[in-house]
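The structure that follows is given in the form of structure tokens.
Going by the order they are written in, the chains are A, B and C; count residues from 1 in each one.
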């Protein structure tokens, strides 16, 4: 990268930036590392109800297992409670939601960006208002009809509901990306005799990836993080990770397995770590690369 | 684009939203206007493992007759919207007439569930949204100056607060901020007050929730702004340097205007999400101190006897409030749109 | 009433006839065909019952279970359709009300007469003479304490809440613990439940006789709140965020010496890893306490049981009834793990040491949690409106008036009040 004059910085400013980045990284990552460390302790140490240093050194873990670390939480979550089933369900949900959301969203977002009629504006606004409905209301409204039509409890229902809930955001995001792709590109293709769809297929799709990747990232996280929808619409055996983790926590009258939950939280973040490392180039270049011209 | 072509392009997305969002909204609206029938109560003897007691129960046959006459329920009109759980018209009027001063009026207004929830929700929204945008912008500007091999790593760790599911992220932090947890102990040490507990006071709970809110959504703003920064026209920046603009002036007059559409977008999404704040209140067990509109809905739906009409009315009020809240941004978008065509 | 309590106890000790016929319970479901689909909470005892029902599955009998903490959110919706998705919901005395209000469960009298020979009379939950559910386990909140700590300060296990306060004061003054009292006072369901307990202990009536009109803004209500406030002075300052999970953790960590805790959690109290020997050895259970000189213990009795859906075919109802009857056959108690899971209401159940608190509660004339159609609404209102008082922001009278107003609005909406 060439250093232009605009990017030259004084030492003081560099220092400031570094301090800021480091502070931010600590804020962002510390809770995660703390949890990672604590996931190898017993519950009383992790909660550190006696003293916060317990979570660091694990005296009670040592008393129980003879060493300050234990994999009991992981064993309980993965072997005893079969957390892997939830992982499989989550993978199915996430991949499907991302693919369907992006397919619907690119088509719709592209159309909204290329049609100059006024209704496109209102469609965008309505989509936005749709997004304002609190999710719990939405979900409790689904129960009756889904039970009546035997759609309740299965993964496809949850997937399509998540796609629909995610659509307003996807449309807005992709709409703004498409508006930045110059109209001339597909207009000239149409002049050359392409249909609108062909213009979309051969001209727009090749240059739209940066926007699609960024939007896909958010779709993925929505599906991955969702609790409200999955907890209410999935039955026990098709549960995804977040409701499964919540189920480890127990209820008022019965004991939970908090350390199973903690181990599961860490396990749930691990694939994301791998994924981000794997897609890092794509994500960074997706965010960086040129198609979105200002 | 022709209407026909537009229709086919938009169909999948539109259909999904129509079926799973628009129709439910209609049913929510209708639910908020109807209430369950009057229950016909009878006193019967109930017996179980612990003996027998005289208790009332619903006379199903008598109630069933009422139900089949009007399957939707009793028409309540705006009755639910105006009752104590919502706009509380009568209670507010009475307060207005009896309250000796403005202070005591607002104080007692906060005792009504809807206004209490509104108080927290608005405060939360208007503090967290700007802070999120500022934090996201600052992180994006800082990360943008790093060398490229560091960027990937920093981006990943920056995303962590956003990646961890809110319910679980707030639970983890809830354990950490306990008076005996690592963050709680640190704050006690920093404030040199060994009795300090973030969970025991209303003010500190609000601050905790808001800090959590910013922490959780700053990465979202960061990613969007970072993407926008990549498209910053270098020539404009160069010419600003040549014109002798200081670093701050360049940010103020070149970078921020360039990012403005994205700021609008992030503001729109954040206003809406913050207005629906819910999961942190559950995760932090904060409902004694802070209640939002979404929490009120949850509370109506979570009890042993569910208050469907009440939850529906609160939902509709939420939608209306969001629409009002977003209207300045929408007007702006409308102008942009008209300018474009 | 006394008679029924007695029945509970004798049945535990005596092995009644009829058990032998069902000795190999799981194998003898004797269901020809049908569909069984159960929704319920997910704690271990219910998992056992669910697994027992699933053992009845065969080529012609489909058995499915969906055991989840969110069962209350879905059971009404899942039983409303015709045919209903769920043929049975496992409920407690608080949650059966929602199913009866919506009229989605059927009376079981004919099924009991035909196939319920192995069930004891006190397992049958009758409403107005009709059997609506079959109970299989009991629960109650009662005192859990640290015998070693009480011994140190020289007091007996408290019999009343006043004693508890005095003991707490001594423990604090002796410098043993800063906050010796534990309590599940988390805002919401838990806090409301503690109010219910204490209010019953003070002899309060929740409603005017035979109507849905609430009346808690009275002397008993104010006394209740003042007692709760006094107790909270000896609790961790974060008490409004402590549910029973957090309270248990406090006890295990040795920070708490006295608390009112669920019997269902007593058995595993000191099982957790890392509990110190002091806590393990000092752990003791006693019956529920009384308050304000009253005779009724300040606690409520609970049962868990199963129901059968209304909107299903008679064949499915029969299959469901048989499968669940087999699942709670007394023979399941042969497994020691199973018999520890709950205070079972089954023939031949030998109460473990951990169950004595629940038994003491039943013996002392405790009140069952009211099975009223509108009790849940009051519970929700209490959980939301009492927090201001507990934080010292408003008077007891104001808090109770708020509860009454919130409840009245909710009861009007649901048609219980006109």
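Keep in mind that, in the parts below, contacts are C-beta pairs under 8 Å (C-beta built on N, C-alpha and C of every residue); 3 or more make two chains touch, one makes a residue touch a chain.
What you see is a predicted model, and the numbers here were worked out from it, not measured in a lab.
Colleague: With contacts counted as defined, which of the two, A-B or B-C, has more C-beta pairs across the interface?
Modeller: Taking the two pairs in turn, the one with more contacts turns out to be A-B.
Colleague: Look at all chain centres (mean of CA atoms) and spot the one farthest from the centre of chain A.
Modeller: So the chain farthest away from chain A turns out to be C.
Colleague: Using the average of all C-alpha atoms in each chain as its centre, how far is it in Å between chain A and chain C?
Modeller: The answer is 38 Å.
Colleague: If you average the CA atoms of chain A and of chain B, how many Å lie between those two points?
Modeller: 18
Colleague: Quick one: report the Å distance separating chain B from chain C, using the average Cα coordinate of each chain.
Modeller: Whole-Å distance between the two chain centres: 34.
Colleague: For chain B, which residues are shared contacts with two or more other chains?
Modeller: Residues 178, 301 of chain B touch two or more partner chains.
Colleague: List, in ascending order, every residue of chain A touching at least 2 other chains.
Modeller: Within chain A, the residues that touch at least two other chains are 47, 49-50, 140, 246, 249.
Colleague: Multi-chain contacts only, two chains or more: what residues does chain C have there?
Modeller: 73, 243
Colleague: Within the complex, which stretch of chain B touches chain A?
Modeller: The contact residues of chain B facing chain A are 1-3, 5-6, 9-10, 12-14, 16-17, 19-22, 24-25, 27-28, 31, 138-139, 142-143, 145-148, 151-152, 154-169, 171-173, 175-176, 178, 180-182, 184-185, 215, 219-220, 223-224, 226-228, 230-234, 237-238, 240-241, 247, 250, 258, 261-262, 265, 268-269, 272, 275-276, 278-279, 293-294, 297-298, 301, 308, 311-312, 315, 318-319, 322-323, 326, 330, 333-334, 337, 340-341.
Colleague: Using the touch rule from the top, collect the residues of chain A that touch chain C in their complex.
Modeller: Result: residues 42-45, 47, 49-50, 60-61, 63-65, 72, 140, 143-144, 147-148, 150, 152-153, 231-232, 235-236, 239, 246-247, 249-256, 258 of chain A touch chain C.
Colleague: Over in the complex, which chain B residues touch chain C? Could you list them?
Modeller: 35-39, 41-53, 55-58, 60, 63-64, 74, 76, 80, 83-85, 91, 111, 113, 174, 178-179, 195, 197, 199-200, 202, 284-289, 291, 299-307, 309-310
Colleague: Within their complex, state which residues of chain C touch chain B.
Modeller: Against chain B, the touching part of chain C is residues 1-5, 8, 72-73, 76, 93-95, 97-98, 100-101, 103, 122-129, 135, 138, 186-188, 210-212, 236-238, 240-241, 243, 301, 303, 345, 362, 366, 368, 370-377, 379-380, 383-384, 387-388, 390-391, 394, 398, 402, 405-406, 408-410, 412-416, 418.
Colleague: For chain A, which residues are in contact with chain B within the complex?
Modeller: Residue positions touching the partner: 1, 4-7, 9, 13, 17, 20-21, 24-25, 27-29, 31-32, 34-35, 46-52, 55, 103-105, 107-108, 110-112, 114-117, 120-121, 123-125, 127-138, 140-142, 160-161, 163-165, 167-173, 176, 180, 196-197, 200, 210, 214, 217-218, 221, 224-225, 227, 242, 245-246, 249, 261-262, 265, 268-269, 272-273, 276-277, 280-281, 283-284, 287-290, 292-294.
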